[in-house]
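In what comes next, chain A is part of two complexes: it sits with chain B in the first one and with chain C in the second one.
On to the complex of A and B.
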C-alpha cells in the first residue's frame, strides 16, 4: 500500500502580500462596504445630478407659462400650460402618437414572438449566432440612413410600387392607399408608411427581451402541460404566454416609449401631421415655448407610468 | 389480460445514436414496474416513448391494447412525474394540481375540490395557495405526484422522481409511493439508476444497458440470478468471479457471481487476506484478497470480526455460485 505524504508549510497564516496594493485589498476585504461606496458614488452622482436633475428641471418648466406678447417665460406656478395640452390640436397630437405607439407595439409583439420562440427553443450553435446577427445587424447602421432608405423604398417611384406593378397587383396598393386616415398619395407620405418604418426600426428591441424570457422557460414545462392534457393552443395560452409576458412587457416598454418620443421618423416618412416628439421639437425651438414643450414631454412619462401600473395589475411581472 | 404497456421491437434512434434499440417489453396492469440502468442506457427514452414525447423510429407501442404511435402526449391517458418536477412557477399549488382538470374544461369548484383531495392524498392539505418556489424539494415532489394523480391516469410514469431528495426523505417517499400504488391500483412505471430503489419498490424490474433490456424479472430473480456480468455488477454488490479464479477454486471456467452474505469465514476453505473492514450497522463488510481477486464478505452482526491483514479461510455452499452468460 502506498502512503501519501503531504508537505506542511511552516505557518498556517501565509505572509502578507507587500506594498500599497496588498494593504488596500486587505482593507477592502475587511470593509466590503467601503468598496461598495467607492464603486457606486460616481455612477450615482452621474445619474442623480445629470439625469434625474435635468428631468426635474424640465418638469418644473412645465408648471411655468409663457407671456403671449413678449414671449418671455413667466416663472410662476400655474397649470395653464397643462390646460393647453387639452385643446383640440394638441389633444389630437397626443391621441395620434399614443395610438401609433400602441399599434407599433402590438405589431412588433406579434412579429417578434415566433422569431424569439424559434431562437430560444430550436436555434443552436451556428443558427443562434445567425439569429443574433440578423436581429442586431440593423442596429449597427445609422438610424437616419435606415429611415431615408425606407423613404426611397416606400416612395411612389420606389421598389414597393414597382413590385406591386410587376405582380399586376398595383390595384391592391391603390386600394390600400385610398383607405381613409392610414392611406395617402404614396406609402412614404401615409400613416401606414410611418407605421411600417416604426415597426422596422424598433422590432429588435422587442425580439431580444422576448427571446430572453422564452429562453428561461424550461422545456419540460411545455412537456408537462402536454402531458396533463393541454393542446398546443392551451399550452401557449396558459403556460408559454404568461411566462414570456415579462419579456414581452419589457420589449413593449422599449417599442412604446421609443415611438412616443420619436420625432424624426414621422417627419421624414408620413403625413405632415405632428407627433409628440415633433411638437416638443417645434415648441422649444421655433416657437420658443419651453413650458409647453416641457408639458408635452411629461405626457409620455405619465403614459408609461400608467402602462406599467396596468401591466403590473395584469400580473405581467408575477413570473419574474 | 391486456398489458398496460407493450413494446414490440421498439427502437428510437437519434441520428447514429441508438438510444433505444429493439426493445420488447410488457408491463402488466396494476404492476409497479421499474426500469433500471445507468445514464444513457435508454430507460428514460423508453419512458418518453410511453408518454408520447418521443416517437419510435421502428416497432410498435400499445397502451392497454391501443396503438400509441402518432398519438400526441395530450391525447394519452398517461401522466408523468418529472425528474425536476416541472411545476408551473406562475401558478399556485392548487392551480398546478388542478391544471389537468382545467384544460379538460372542468368547472372551477369541481376541479379545486378534486385538487384539494389530491393534495390530501400526498399529505399536503392546505398548501394550495402557496407558490412552488415556497416549497421544499420533498413537498414539490408530492405536488408533482398529486398533479399527475388528479387526472386518474391509466399509467403513471415516474422519471427518477426521488433523485433530488436526501436519503431519509427518499426512503420515506419510497415507502409512501409503494403504499400509494397499492392503494390506487394504478400501473406505475418507474425509471431509476438506483438499484436499491428499484429492488425495494418494484414488482418487476427491467435492467437496461446500451439501449436494450439485459434482464427482466422480479427483484429476487435479478438479485439472485443475474443473467450477465453487467447485471451482477450494476444491480448488486455481488462478487464477480473470473473464469480463471473459478477454475483455480475447482469450479467451471466461466464467469460467476457470489453474494457477499453467502460467504462465511470458516476453519477451512480458500485462503484469503483481510484488506479492509467496514462497520455497516446491520453487519460488517470485509474486503478480502483471494489470490489476485478482491471479494466482499458480509458478516452478520455479532460475528467475530478479523483484523486487517490477518489471513482467513473462506467457504460457501456450491449452490450459491451462480454462473452467468459471458457477454457483458
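On to the complex of A and C.
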C-alpha cells in the first residue's frame, strides 16, 4: 500500500495542479529562472532599449560634426566637436557651472548639518516626524513653484528689498549688489540670486543622507569623547564629522549632479551668462547643433562618473 | 553630575536647525500670500490689497485646464507603467540572487542620477532619429523611465522586510504561485506600492526638464508655468495656479508618508 500518490514519478511530492494557471504556477516553481526572466524582461526592455539606447544614440552624435555652411549633421567620426568644447566661451561655461556646483554643494552641506544633527540626535517622537515631513514637503513640492517663489522674493520690488529697507539696511543690499561678478541690477539677475535658489532647491537632498549617517553615530561616542577631555569643537572635528562624512558625500552627489544639469534656474534667476544646461538647450534648439549639444551633455556625465567613483571610495553608497 | 546628559540641545544648534527649516518653508508660504494680491504688473511686497478675483479668472482660463488635463493624463499613465515595471524589478532583485543584480539596480537609478537634461536630450535625439512625432506618448515614455525608480525603491524596501518564509509557508500549505501572490505578497507590499505610486504621480506631475524635450507643442502644467515665468502674461493667474499646485502635490506626499511611516522610508533618498 502506498499512501502517497504521485502521478508522475520523480517530479515532486505534491500532485500536479489542474488547469492552465496551475500548470504555469508549477512550471515557475520548478524553473525559478523562467520566472526570473519573465519578471526582468519588461523592465529591462524598457530601460535597456528606450533609455540606454537613447543615451548611446546621444553619445554617437557627439562624435559627428555639423557642416558650417549647410547646417546639416555630417555623420562621420570626428573629434572636432569635442575640440570645439575646449574653446574660450565653451570652456568658460563649463568652469562656471562646475564652480557654481561646488559652491552650492559646500553651502548646502553647511546649512544641512545642524538640521540633520538636531533631527538625528535630539528630535524624538512627534518632533522626529515633524522634522522628517519638514524636509520631505519642500523636497517634493513643485520645482517650478519653488523657483517662482524665489523670483517673487528676489525681485527688485520684492520682500528682500522691503525687509532691508524696513531695517534701514538698504545700503547693505546696495553694497552687495554693487560687488563685481556676483552682484547685478537686482538679486534676481545676479549670480548671488542663482546661488541662493540652487542652495534652496537642493538643500533637502543634502539633509536626508546626512541625517541618515548621523542617526548611525552612537550617542555614547560623543560622550566618550567629551569624557576623554575633548572640547565640543574637537569632538565635532575628530569624531562627528568623519562619521558623518559618507552621508555628506552621498548628499553632495545630488547637489552636485542636479546643479550641473539644471538649465531652468539660471535662465529664470540669474545673469545672462550661460550654464552647461542652458548651452545644451540652446545648441540643440535654436542653434540646431545637435553634435555640440551632445558633446556638452557628455561633460556632466563624465564629471559625475569621476565624482561617483571618488564617492564610492569614501563609502558614500553605504550611507544612501 | 548632570543626569540629563544628551537630552538638552545647545541653543545655537536649535536656532540653526529652526532657521534652516524656516528657510525651507517661508518661500512656499509666500506663494499663498501672493495668490491674493491685487497687484497685476509687478511682484510688489507687501501686497497693496487683497482680492479673491484671480481665483475666478484662473478658473475660467481654458489653457490652464487643458494643461492640467494633460498633466493628469500623463502622470496616470506613467504611474501605471512605473508600478508594473518597478514592482517586477524589485521582486526579481530582492527575491532571488543572480548575476548582474547590482547592474540592474544601477540601471533603474541611472535616469535620476544623471542630470535631467541628459535624459531629455537623449530621448529627443532618439525620437528624431526614428522620426517619432511628439505626442502624449512621447511625454509618457520619458516620465515612466524616471518614475520606475521611486516605485522600485519603495517596493524593494518592503520586500526586504517581508520574510521569505511567509511565501514558503503559503506554498507549503498548498497555495499555487498566483494564490500566494494574491493573498500573501500583495497584501504585504500593497501600501508600499500605493506610496510609490503616489510619489511617482507627484514626480511626473511636476516634471519639467525632460518634458521640454519630449513634449513638442503640448503644454503640461509645469510647461505652462515655465512659459509664464519666461514670458509673463497674467502674473496673478500664475500666482493662483502656483498655490494650487503646492496644495495638490502636498496631499500625495502626506498620504505616502502615512502609508509607509512604520519602518521603511519613503523613496529612500530623494527623487
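Annotations for the structure displayed:
One rule holds for everything that comes next: the second predicted complex is superposed on the first by the 256 of 320 C-alpha atoms of A that agree within 3 Å, B and C clash if a C-alpha of one lies under 4 Å from a C-alpha of the other, contacts with A are read in each partner's own complex, and residues count from 1 in each chain.
In this section, a contact is a pair of C-beta atoms (placed from the backbone, for glycine too) under 8 Å apart; a residue touches a chain by one contact, two chains touch by 3 or more.
Predicted model only: the values in this text are computed from it and were never measured.
By the touch criterion defined above, A:79 lies against neither chain B nor chain C after alignment on the C-alpha atoms of chain A.
In the superposition on chain A, contact of A:238 is made with chain B only, not with chain C.
Of the two partner chains placed by the overlay, neither chain B nor chain C lies in contact with A:167. Residue contacts after overlaying the shared chain place A:50 against chain C, while chain B stays out of touching range. Comparing chain B with chain C, more residues of chain A are touched by C.
In the superposition on chain A, A:223 contacts both chain B and chain C. The residues of chain A shared by its contacts with chain B and with chain C are 223, 232.
For chain A in complex with chain C, the touching residues are 14, 17, 21-22, 24-26, 28-29, 32, 35-36, 39-40, 42-44, 46-48, 50-55, 57-58, 61, 111-112, 114-115, 117-119, 121-122, 129, 131-153, 155, 157-159, 161-162, 200, 203-205, 207-209, 212, 219, 222-223, 232, 250, 253-254, 257-258, 260-264, 267-268, 277, 280-281, 284, 290, 293-294, 297, 300-301, 304, 308, 320. Across the interface of their complex, chain B is touched by residues 218, 220-221, 223-232, 234, 238-239, 242-243, 318-319 of chain A.
Chain contact summary for the complex, chain B toward chain A: residues 51-53, 72-75, 78-80, 82, 84, 86-90, 99-100, 102-104, 147-148, 151. Listing the residues of chain C that touch chain A in their complex gives 5-7, 9-10, 13-14, 16-17, 20-21, 23-25, 27-28, 30-31, 34, 42-46, 81, 84-86, 88-89, 91-92, 96, 98, 104, 107-108, 110-111, 113-119, 121-126, 129, 141, 144-145, 148, 171, 174, 176-178, 199, 202, 206, 208-209, 212, 222, 225-226, 229-230, 238, 242, 245-246, 249-250, 253-254, 257, 261, 266, 268-271.
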